[in-house]
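A, B, C and D are the chain letters, set down in written order, and residue numbers restart from 1 in every chain.
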Amino acid sequence: MRDIGIGLVGGGYMGKAHAVALSAVGAVFDTPLRPRLQVIAAASPASAEGYRRAYGFARAASDWRDLVADPAVEAVVIASPQATHRAIAEAAFAAGKPVFCEKPLGASLADARAMTAAAEASGLPNMIGFNYVRTPATQFARRLLAEGAIGTVTWFRAEHSEDFLADPALPATWRTSGRANGAMGDLSPHIINCTLALMGPIAEVSARIETVHTTRPGPSGPVAVDNDDQAQIMLRTASGVMGHLFISRVATGRKMGYAYEIHGTKGAIRFDQEDQNALWLYRAEGPNATRGFTRILTGPDHPDYLAFCQGPGHGTGYQDQIIIEARDFLSAIATGQPVWPRFRDGLAVAEVIEAAFLSAASGRWQDVTPA
Amino acid sequence: MRDIGIGLVGGGYMGKAHAVALSAVGAVFDTPLRPRLQVIAAASPASAEGYRRAYGFARAASDWRDLVADPAVEAVVIASPQATHRAIAEAAFAAGKPVFCEKPLGASLADARAMTAAAEASGLPNMIGFNYVRTPATQFARRLLAEGAIGTVTWFRAEHSEDFLADPALPATWRTSGRANGAMGDLSPHIINCTLALMGPIAEVSARIETVHTTRPGPSGPVAVDNDDQAQIMLRTASGVMGHLFISRVATGRKMGYAYEIHGTKGAIRFDQEDQNALWLYRAEGPNATRGFTRILTGPDHPDYLAFCQGPGHGTGYQDQIIIEARDFLSAIATGQPVWPRFRDGLAVAEVIEAAFLSAASGRWQDVTPA
Amino acid sequence: MRDIGIGLVGGGYMGKAHAVALSAVGAVFDTPLRPRLQVIAAASPASAEGYRRAYGFARAASDWRDLVADPAVEAVVIASPQATHRAIAEAAFAAGKPVFCEKPLGASLADARAMTAAAEASGLPNMIGFNYVRTPATQFARRLLAEGAIGTVTWFRAEHSEDFLADPALPATWRTSGRANGAMGDLSPHIINCTLALMGPIAEVSARIETVHTTRPGPSGPVAVDNDDQAQIMLRTASGVMGHLFISRVATGRKMGYAYEIHGTKGAIRFDQEDQNALWLYRAEGPNATRGFTRILTGPDHPDYLAFCQGPGHGTGYQDQIIIEARDFLSAIATGQPVWPRFRDGLAVAEVIEAAFLSAASGRWQDVTPA
Amino acid sequence: MRDIGIGLVGGGYMGKAHAVALSAVGAVFDTPLRPRLQVIAAASPASAEGYRRAYGFARAASDWRDLVADPAVEAVVIASPQATHRAIAEAAFAAGKPVFCEKPLGASLADARAMTAAAEASGLPNMIGFNYVRTPATQFARRLLAEGAIGTVTWFRAEHSEDFLADPALPATWRTSGRANGAMGDLSPHIINCTLALMGPIAEVSARIETVHTTRPGPSGPVAVDNDDQAQIMLRTASGVMGHLFISRVATGRKMGYAYEIHGTKGAIRFDQEDQNALWLYRAEGPNATRGFTRILTGPDHPDYLAFCQGPGHGTGYQDQIIIEARDFLSAIATGQPVWPRFRDGLAVAEVIEAAFLSAASGRWQDVTPA
């Protein structure tokens, strides 16, 4: 095993999660490479130094270019605002360094396309972070679907609903301006990625996207909100399954309503991230009198579970999802083989979002057209 | 209190439920009229006589015209197939007799319009049966919404999903032929009625309606299925709330998936008929640390509960919903005042269904246009 | 089918439930006898007449002796206070009339013994009412246990917890005086009956019984409470299984905490009356990865369900349990064969209660000694 | 911030959990000391070296004495078998080094007493590990109780049930021999610690302890099991509350049945570790019609939550509990102040276990007598 020097851009919201993951991943998993926390970059020298001390990096940088250029940095993790993703990733690939980028893949479809092109032109390992899909429960759902455990899928419903902006009295902020910061830009990537992971490509969509609270209090009176609070999307997958997505940041009562419900000819699956250690499975087998939804508690027989837990019922949490991402990124670097989800998978999400906005504008069904 | 002679058309599926309700309602509620089980009509003399003995009616009739014409029959309850609803109702009104008609209101929009016109021209009491909306839990949800308990509603999602035709090996029957017998014709009236009751009128819809299993085994090979197995409907209410409905008869694992989820600016409500004695309520009040969805068990403080139960936690069931309908029908007759839901409310449901089919055909949003 | 004249003693709390049940049972079930509501007796002429009108009995009586003596009364249902059970039952048997008696079987062990002796000496049909055990879910649990679905049982836990006296500010009433009216006297019979039905005889107990709120407000100051608020009982069944019972009328938050949890070598069962249409079953079968507790919704394949419901997921309620009791009582009369639970089964409950009080007094394990 | 050299004894079951925790704690929390993974000791040179590489320690030792004696080791974490706890802890204290010891505190009451005496004589920081009690949910339950959120507690029920030995076909191992390895020795410490944390001292107990599967397959025929599979304990706390504990390793279907239910005069609390991110709270406040158990999802307003999560609904897991323990141990060392739970708290648990065994032998209530 050898060390690999990591440069982390961003130390706030998601930066900390990645810093912790990089500290722990080597003890949790038998990784081929052990991350060395080399440089952390943030917007100012003071914040960078604060993060450096808090997370135990060797060096702080107040410019991500400095981080990318440092020869001791052998791979880059991007956890900075969306608008910065593209430039950092392009620079890192240009410097020959693998990149892990937090979702979404840039701030626009153009960003996502450019980043994917840069990644693939470089031939370097590239990953995008959709952490929720990494729970043992959802990984197991993928496996069940692949094995045909519920037969042919006939209906898919999913949502990503939270309530952090449900209160109309909350003030206008950067979150309430700019398409990239709306519910579609911020939350939908998670659940669209989940949909693609579970169901395969989406062929067409019909969407309605709306701003529920059209103004928010500002320092000197009401400020117009120019991005969306919630959206719904009817869809048909390439395999012909009808489905529906709901995305909201104003869903009072929902904290992490990352949830799905899948019906098939032989069974059904249900999941809700608010009870992330359980997957519900119905199988149309055996006597009617004993059929029902089974609450399967994730345990040693489910993907990645045992890395974190000593036995059944112990339970994994949010931070563990990030550690799984770190493990996979290290594996991609060590083997030179791409691991899911790559930038291309992030681009596929952006294409669905684009189609949803087009449909919402036209009031008609819209094909999802990959580049 | 005086007796009133009831004629019941149909003794099968729903006929029994109404026969039991008519037997029990007088002891359950302090009704102004006590039903006298006078005549039951069915398709053949033998079946009519069988039902008469089973339910305790005074007389059996093998022709509903005979029942309607009988002077001892003072009110008519229709629990026969949809295609017969209109003729029976029209005859009953012509004979000056109040009518309770099981959902849906006839087999087509034309039927619903004609039946409503006949009812209103007659000036007689008329009711349509949407039993599920009568649970104490859903009645309480209506009250909470009316009182503004969750603030301004921002999102409404509902479904009526069952799995009685989920297995593709089930043979073709009358259920798999004719628009009135599809999932939209058979199941959607319940949940559209529920939506109207909770949210008020629907202004526009965008729907997709599909046949999942396009053929079914027949006596001599596969038979084409010509009606729908499932549907989804995006909607906007007249009050401006965005919502979504899902209707399915192939939703493996769902037995009575009559369920809704409502978000508002100050709270949220959730309900699932598969746990019909509980209503879940979230209120954005008090410290964050103690907020959450509260499972309210229906009890003495909820509508109609105490008529059936001696104390909290006792629980009501399906049959109780039908008894509540019987109570209201008797009240309408006694007072001469219409009670909800009238034929007009059944027509409103039919208009939404019509708009959904038009939207599914056009692929566009469709206004719901009341007559 | 012929009619049978019923005399009902008591029209209040449980009396109404039985009146409704007697009205409906003939339409719900294909009963060999159809009850005719003949005489209702209550403590005063006014209350008796009120009940008569409300429930539709032919005649009112202000003395139960009058009811018992009436030749038109062919069977007697006792729903009056505990202290009256014995005299009424003894008189009815003496008059050659079958008796259904609400739980508990009299107000003391002596009552229970005398009533059982009188019943058995008469050779007449006799039943005791433990309604909760009649749900399709609990009837199905009995069947599962009998079939060995969870292997050899290794642990049994049950409770009957409610909170109707949880608030210490509630005033002293008849409920707070007299051993028969305490939690052990009032609530434990239900859950002890359930235990006996599911697990067979109890061999020994070790109990603690306590008064949580030792005084209650009275009209002129605090009044001492002389009966128990809650109790716990460790037990061993005759078959050697260890178990535990909890009984409480001060369990804040519990409305109908009639619940049990049973572990066996091959599975487990869980039930809670607050979700009475669901039984949870775990089976140690198949791959570990898909094991879990299955929420089985009661439906057409469970005992007595279809009598009340038209399809799966419709759900039964409290009143339906009473109708099942009525069906069984009519069957016992028609066939002359005893049906479970007989007076003898009510006596078995009283014997466990007696042993629990003895153990609570001694602080030691106490054998349950049948007469 | 300065580093502190940690010696970890044991790299298996719990050793890995502590190794991960020590790797991550500095990035998760703003700890006063940052752990340096100095020496790991295991039973053989090969296993020690394997653990060293896997977890990233500087040095491996095949004798814990070597680890304790190493001047670079400034604090000792004991995660080796129970029987070794005492000698290691005594040596570490003698060498002037703070000790964190996994539960239970040695293999017997004598061990627990000696270890507590050694810890207190040394004046050094000492902690015992009861990880489950560290979830945000249970920490919040402690706070709610302390604040009187549910009034005066009237009933407490808890269990620690798992099913890892439920199958009678599982062979005899070290787990099925020796009192320290039975369900009481292995599992009860967790739930007794939880009980003490939530309810304060226990005054008296009445217990039954039993071996459900008295023999297990051995290499040459059945082998007698000489320790317990399950136990139940009735108890009274020093504050006068009646309660009950159930402990089992044969509870089919239960994976981490670390659960409690607490009733008070003004509310109730429920928790189950199998849904560790939720606490259920009932409050007897407001209109009856909106009362019920509220499922509170742990979030930013609950203890220690935000250290691991970026927002509400993200969820903590098993590993996070161990990291919280590491944080507290570092704090104890840095400040020289004891933090809960100390060795003395582990001893208190051992005293309850002793009383339970005495009661089980006598069949009578037994006082819990602190040394």
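In this section, contacts are C-beta pairs under 8 Å (C-beta built on N, C-alpha and C of every residue); 3 or more make two chains touch, one makes a residue touch a chain.
Note that this is a predicted model, so its numbers are computed, not measured.
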Which of A-C and A-D has more C-beta pairs touching across its chains: A-D
Length of the line joining the C-alpha centres of subunit A and subunit C, rounded to whole Å: 54
Whole-Å gap between the CA centroids of subunit C and subunit D: 42
Geometric centre distance via CA averages, subunit D-subunit A, whole Å: 34
Touching two or more other chains - residues of subunit B: 254, 278, 291, 293, 297, 299
Touch-based graph of the chains, sorted into line, ring, star, complete or other: complete
Subunit D-facing residues of subunit B, complex: 140, 149, 278, 281, 283, 287-297, 299-302
Complex contacts: residues of subunit B adjacent to subunit C: 1, 13-14, 16-17, 19-20, 23-24, 26-28, 30, 34, 53-56, 162, 164, 254-257, 273-278, 297, 299, 308-320
Partner subunit B, residues of subunit A touching it in the complex: 150-151, 154-155, 157, 161, 163, 166-168, 206, 208, 210, 212, 229-230, 232, 234, 236, 242, 244, 246, 248, 250-254, 263-268, 282, 284, 293, 363-365
